[in-house]
Amino acid sequence: MMQATDKQENPTRSGLVTAPELKRHGFFRNVFSGIKSLLEGMKVTFHYLSHPSTVVTQQYPENRATLKMMERYRALLTMIHDENGLHKCTGCQICHDNCPNASINVVTRSNPVSGKKELDRYIWRMDSCTFCNLCVQVCPFGVLKMDGSFEGAVYDRRLFVFTLNHYAGPAAGLLAKVADPEERKKMIEPRDRYSGPVPLNGQELAGVKALKKAESGCCGGSGGCCSDSQGSQGSKEMK
Amino acid sequence: MGIITEKLPCYIEPIPGGSLLLTSMDAVINWSRANSLWPLTFGTSCCAIEMMMATGAPRHDTSRFGAEVARPSPRQADLLVIAGTIVRRMAPRLKTLYEQMGEPRYVMATGSCAISGGPFMYNSYSTIRGADEIIPVDVYVPGCPPRAEAFFYGLLTLQKLIKEGESVRRPGERRKPVLSALPPGITLDQIRAEMAAVLKSDATVNVEQAAKKLEKESQDGQCESADGCCCSRT
Amino acid sequence: MDSANLLTAVAAAEPNAKPREKADRAAVQVPVGNLSALMKRLRNDSTFAFDMLCDHTAVDWSEQGTFELVYQLYSTVHGHYLMVTTSVPRVSPIVPTVREFWRIAEFQEREVYDMFGVLYDGHPDLRRLFLEDDWKGFPLRKDYTDDFMLERPE
Amino acid sequence: MSVHITTLDDRVRLRQDDSSPLSTQEYFVNMGPQHPSTHGVLRLVLKLDGETVREVIPVLGYIHRGIEKMGEHQSYRQFVHLSDRLDYLSALINNWAVSMTIEKAANIELNDRIQVIRTLMAELQRIQSHQLWWGVFGMDLGAFTPFLYGFRDREIIADIFEETVGARLTMNYIQPGGLMYDIHPGFVKRVKAFLQYFKPKLAEYETLLSGNVILQERLRGVGRMDGQTALSIGATGPVLRASGVPLDLRKSEAYGSYGKVAFDVVIGKNGDCWDRYWVRLEEMRQSMKIVEQLIDNIPEGKHMVMKPAVKIKLPEGCYYNQVETARGILGVYIVSDGKESPYRIHLRTPNFNNLWAITETAANWRLGDLVAILSSLDVVVPDIDR
Amino acid sequence: MTGITENIWQAKTVAQRAAEALPESVWFALGYMVLGVVGVAAFIAVLGMGLIYAERKIAGHFQCRLGPMRVGWHGIFQTVADTLKLLLKEDVVPAQADKFLHILAPLFTLLGTILVLAVLPMSPIVHVSDVNIGVVYVGAVSGFGVLGILLGGWSSNNKWSLLGAMRAGAQIISYEISATLALLVVVLFSGTLRLSEIVESQAAGWWIWRAHGVGIVAFLLFFIASLAEINRTPFDIPEGESELTAGFHTEYSGMRFAFFFLAEFINMFIVAALTATLFLGGWMPFHIGDFAGFNAIMDMIPPGLWFTGKTAFLVFLIMWFRWTFPRLRVDQLMRLEWKVLLPIGFANLIAAAVVVLFNFYFFPVR
């Protein structure tokens, strides 16, 4: 087996490090070196006990105010809306096609005024999202970004279905071309960020049909089924 | 659950002042349960590593919550963290584990796989699409995998559920508190303001309606809809 | 040995072995009948000395009605790779086992049986590896259907 | 024809040995799928004689998700993110393996910057993976504190990844045609800070665990496996190297930037648990050496040589490529029929082969040794089951 | 020296007071007894919770983290919450288990610890019962613990439990021998089996060094063997988490698991307290020969505090071991006992006998 050593490529750089043999000594030497090794180990642990500065714990709920996620951390898909509240999504479906497990559903409609195809609802299923970032990468218009807000635990998995766009209507660039503010208002329709209970089964979710069914269902598309207006303040009370 | 939580309330309730006693009993019992969630050492895949980061890494340290006593035996555990994918072969075992746990037991599904099958949702002949198809889940923690802080947020959410949703008056039933309809970090006011900014006057009507609905529901304290948002367990 | 020399040497050792086309490394194709003999030669002959069976898997060419069995061999002595393939009909997929040459083949063959239903002649413990013993069908076959599986919605 | 299909029930049947009045009765015990030391949902059916392990029968499939079947329905780019979920502890290296196979097949040439960053990331991932292993190894042997120390140091690398990649475990960072992001401006500083931090910590690891007489007694000579058996079982990575076979693809194939750096292949002598332990510890040192050599010499260039929206189609044919992950050789076998998604994709995962070493090594050792051997093989179960 | 302490702290146990009171009134005596029982029970509960909290906190700081933080100030009520929860948790008895034995087992384990506590001289006044054969009694009743473990493991009808119980049985019984041999050294020196008298005999100096090298060896032997008897790391083989899931208490939940858990920690205290009593002078203050001033200052510290301090130090040592060392293997454990500790123990006992016989003392014994 050892002849393989010679056959290694890059022989100039190829060093081999071999594991050391564990030595056995006489009875008493064994006992004393054994006790010495135990004491050395105890010294290491005692060092940490006696130096409170080595404690590295970050106390999460207490440090919420100062906790800052890394800028690239991927925890929540968001649609970028500019200062006027407009997004650039055209409903082109590229993100949907690239999503590995169809967590993105782009529902389009034709505009009531201009009749053009445009974004109605941008539905994102956080429950199945793998945060692989492909959608953000492939978007030709830079519509999406991954946000670092990770606090998303809920009691009901239906709440993981989000509508990312704030309004249904043409993208920012197209809307800017419309001069008349009255017409602009007609062209867009509001959408909450949360779309309400959408059936969980993937088959039903696919397509507009399910959405319409949900809208006509018990709670309607806007308010959500069971709600807590406190949102993020909730966790402060938990303390 | 023993005598205290099962039979006693029936006797105490009729006594004058018994109701008050029960309420304070609730407070104490729920406090102890919420603060002593011993997890089962159970993890199937990637999420287990992040869970270990949360429970094991000194930086995060679940022992602050009293939840570092990971029990290898389901009999002694209170919290079953489903960390990772559940496949068809594992499903009966998961059910057994859940059944072996003594009441009160709580289940937390962390990560996309445990919530919905996640990356393995489609075209997989083996992956269960969501652990709640097998056992009832109390709290869902999104992420793939959720980071340690998200895990703690889930733990806090669970504590809230225990403190608000349990009572000795109705043993075995856990009432989920009013659900958070909005994504975390977003308040209704924020949406209202943003919407108003974009859509001026007439567009806000829709949001106002939603707000009224929300307020009404939160006053009622529970959901009226028939689709079972407020899951109770037997 | 580089791949051209290797192919020549294999062809000399086993006349029925033909180079497999459209492969990115040295690859030969042998009839099932010659597989066992060739593998024995490859394992024990010092010019080949393939002491490691890196990988063994199958491909379901359902249109041609065959399973292509793929063996990836590596020699730590010479540092060369060889891919050996053989085809068996889908209707009666029986292949001789190579377990006696490489221990790991026992488990890799079990996996292939589990996923494709390829039967290994002489295998000591041929049973399902990943799926339950009473699973119906072989999932990696192209015609596998399952009422549990969901298609990705478009 | 002697094809005989068996079931697990056939396998776990006891043969009563009544030949001698002194013969003891053997019995079967299920270890797993939920067991603290099987590191996931591995199930081992143990045939025990008292405390002594007579036979180990691994039963797999408790996390078999059918990734290979899914791969046939996904585009090449999408499949990369599934490779994260194989051996999640070396997710980046898995990404690299799949990407490299695709790049080789599609003849995509990469610039030096991409190669160097990939190599850096892979080595950091290797250190991180070994840190976790060290901690868990300590815990399996009953020492709880190393677990915490391993995780403490692992967090620092997780920070490095989080800053550049945006994820902590499942990265999807190395993609066909480059990298998802260029490195973060703070990357180099963080890595250097880590190197400075971790060197004394590694010495501390040695004092706390390696030098400990109890640990040495638990590992010496336990679960010995010679090189020939290891090769026959197809074991790779530290498990194979500990048995004295210096097979390291980083050296023999010199992919990425490994050809430009000096590092040593770490091998063991006896192939026992101690060697496997020591090989991994030393590999952390070697990985740090590689990182040190590369961190100051990241060449300029683009981080992506092709646009992410471009659909990849491989020419018809079959492609096999291997890389060295933290646990051994990961091989990716792609059969393409010229379409957007592979006709067949197969992953030769290192843990699949390494696991079977337990059937060779654990017999006639005690239950406690079985845990040590299993832990020294460092299996990640989702990587076995795929 | 003894005179001073006797004058200040007149040694009288609860049982003695009860016996004194008996002629006066039966009710009075009964009151004392009830007081003793309630005292011990309360003591056990508080002590157990305190020890568990301390362990978790100390473990935290050994491991660069904080330990319980969120329940009360620095998590001070953490174990209270745990106890309450465990009390109210569903008590599962597996269907296939031997129900009677399953329920009995944790009681046996806890009983063993309570009975030992009864004779521990914690200070001259806090001493429940002063048995004249205290040392023998301690050795005898601590065997209840292993009975509970064996019963628990057997009755659970679980192979892991049984394995754990068998390991525990082998281990505890083996190490009992070494512990007893080490204990006999002290008995040889002090010439009494009464624990209070053993403490008093150390007024001039603790046995650990007054008995020359013999004392130190006996101390180490006793401490190591006792660690093994209470299944603490590095000898936590019966409940080795990574090997046997949870060992003998795999099938226990709620209240009964809490008993095992509590017994484990009380045992830790008992080992520390016994070691302190036998080798470190119990509640005796630390004296150096004839330095009267120094000795007087030492005498001003109450004996209860001395006892607590010594015990706390040893408890800390046990925890320190736990959070540093890996665990041994079964056969190594047995080898350590039968091939290392036992021969040393015998040799040490003979050496002690020689010392006593020929009166090789640096200090006078009495």
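Order of writing sets the chain letters: A, B, C, D and E. Residues in each chain are counted from 1.
Throughout what follows, contacts are C-beta pairs under 8 Å (C-beta built on N, C-alpha and C of every residue); 3 or more make two chains touch, one makes a residue touch a chain.
Small disclaimer: the values here were computed from a predicted structure and weren't measured.
The chains touching chain B as well as chain C are A, D. Think of each touching pair as a link: the shortest run of links from chain C to chain E has 2 of them. Looking at contacts between chains, the pair that accounts for the most C-beta pairs is A-B.
Distance from the centre of chain C peaks at E, each centre being the average of the chain's Cα atoms.
Overall, the chain located most centrally, as judged by its C-alpha mean against the mean of all protein C-alpha atoms, is D.
Summarising the inter-chain layout, the chain whose CA centre lies farthest from the centre of chain A is E. Between chain B and chain E, the centres computed from C-alpha atoms are 42 Å apart.
Centroids of chain C and chain D (each the mean of its C-alpha atoms) stand 24 Å apart.
One inter-chain figure worth recording: chain A and chain B are separated by 20 Å, centre to centre, where each centre is the mean of the chain's CA atoms. As a whole-number value, the distance joining the C-alpha centres of chain D and chain E reads 45 Å. In chain D, the residues that touch at least two other chains are 35-36, 61, 64, 66, 69, 73-74, 81-82, 145, 148, 152, 155, 170, 208-209, 212, 214, 228, 231, 245, 247, 252.
In chain C, the residues that reach two or more other chains under the touch definition are 76, 79, 130-132, 139, 144, 150, 152-153.
Contacts with at least two other chains are made by residues 62-66, 69, 241, 245, 323-325 of chain E.
All chain pairs in contact, by the document's touch criterion: A-B, A-C, A-D, A-E, B-C, B-D, B-E, C-D, D-E.
On the chain B side of its complex with chain E, the touching residues are 1-2, 4-5, 28-29, 31-33, 35-36, 58-59, 61, 63-66, 68-69, 71-73, 75-76, 78, 100, 102-104. Listed in rising order, the residues of chain C touching chain D in the complex are 22-25, 27, 51-55, 57, 59-60, 70, 72, 76, 79, 83, 94, 102-104, 107, 111, 115, 119-123, 125-133, 139-140, 144, 152.
Per the touch definition, chain E reaches chain D in the complex via residues 59, 62-65, 159-160, 163, 167, 233-234, 236-237, 240-245, 322-332.
Residue ranges of chain B in contact with chain A, taken from their complex: 58-61, 64, 109, 112, 115-122, 129-130, 132, 137-144, 146-150, 152-154, 156-161, 163, 176-188, 191, 194-195, 197-200, 202-204, 206-207, 209-211, 213-215, 217-218, 222-223, 225-227, 229-231.
Listed in rising order, the residues of chain A touching chain D in the complex are 1-2, 4-5, 8-10, 13-22, 30, 33-35, 37-38, 40-41, 43-45, 56, 70, 72-74, 94, 98, 100, 130-134, 137-138, 140, 146.
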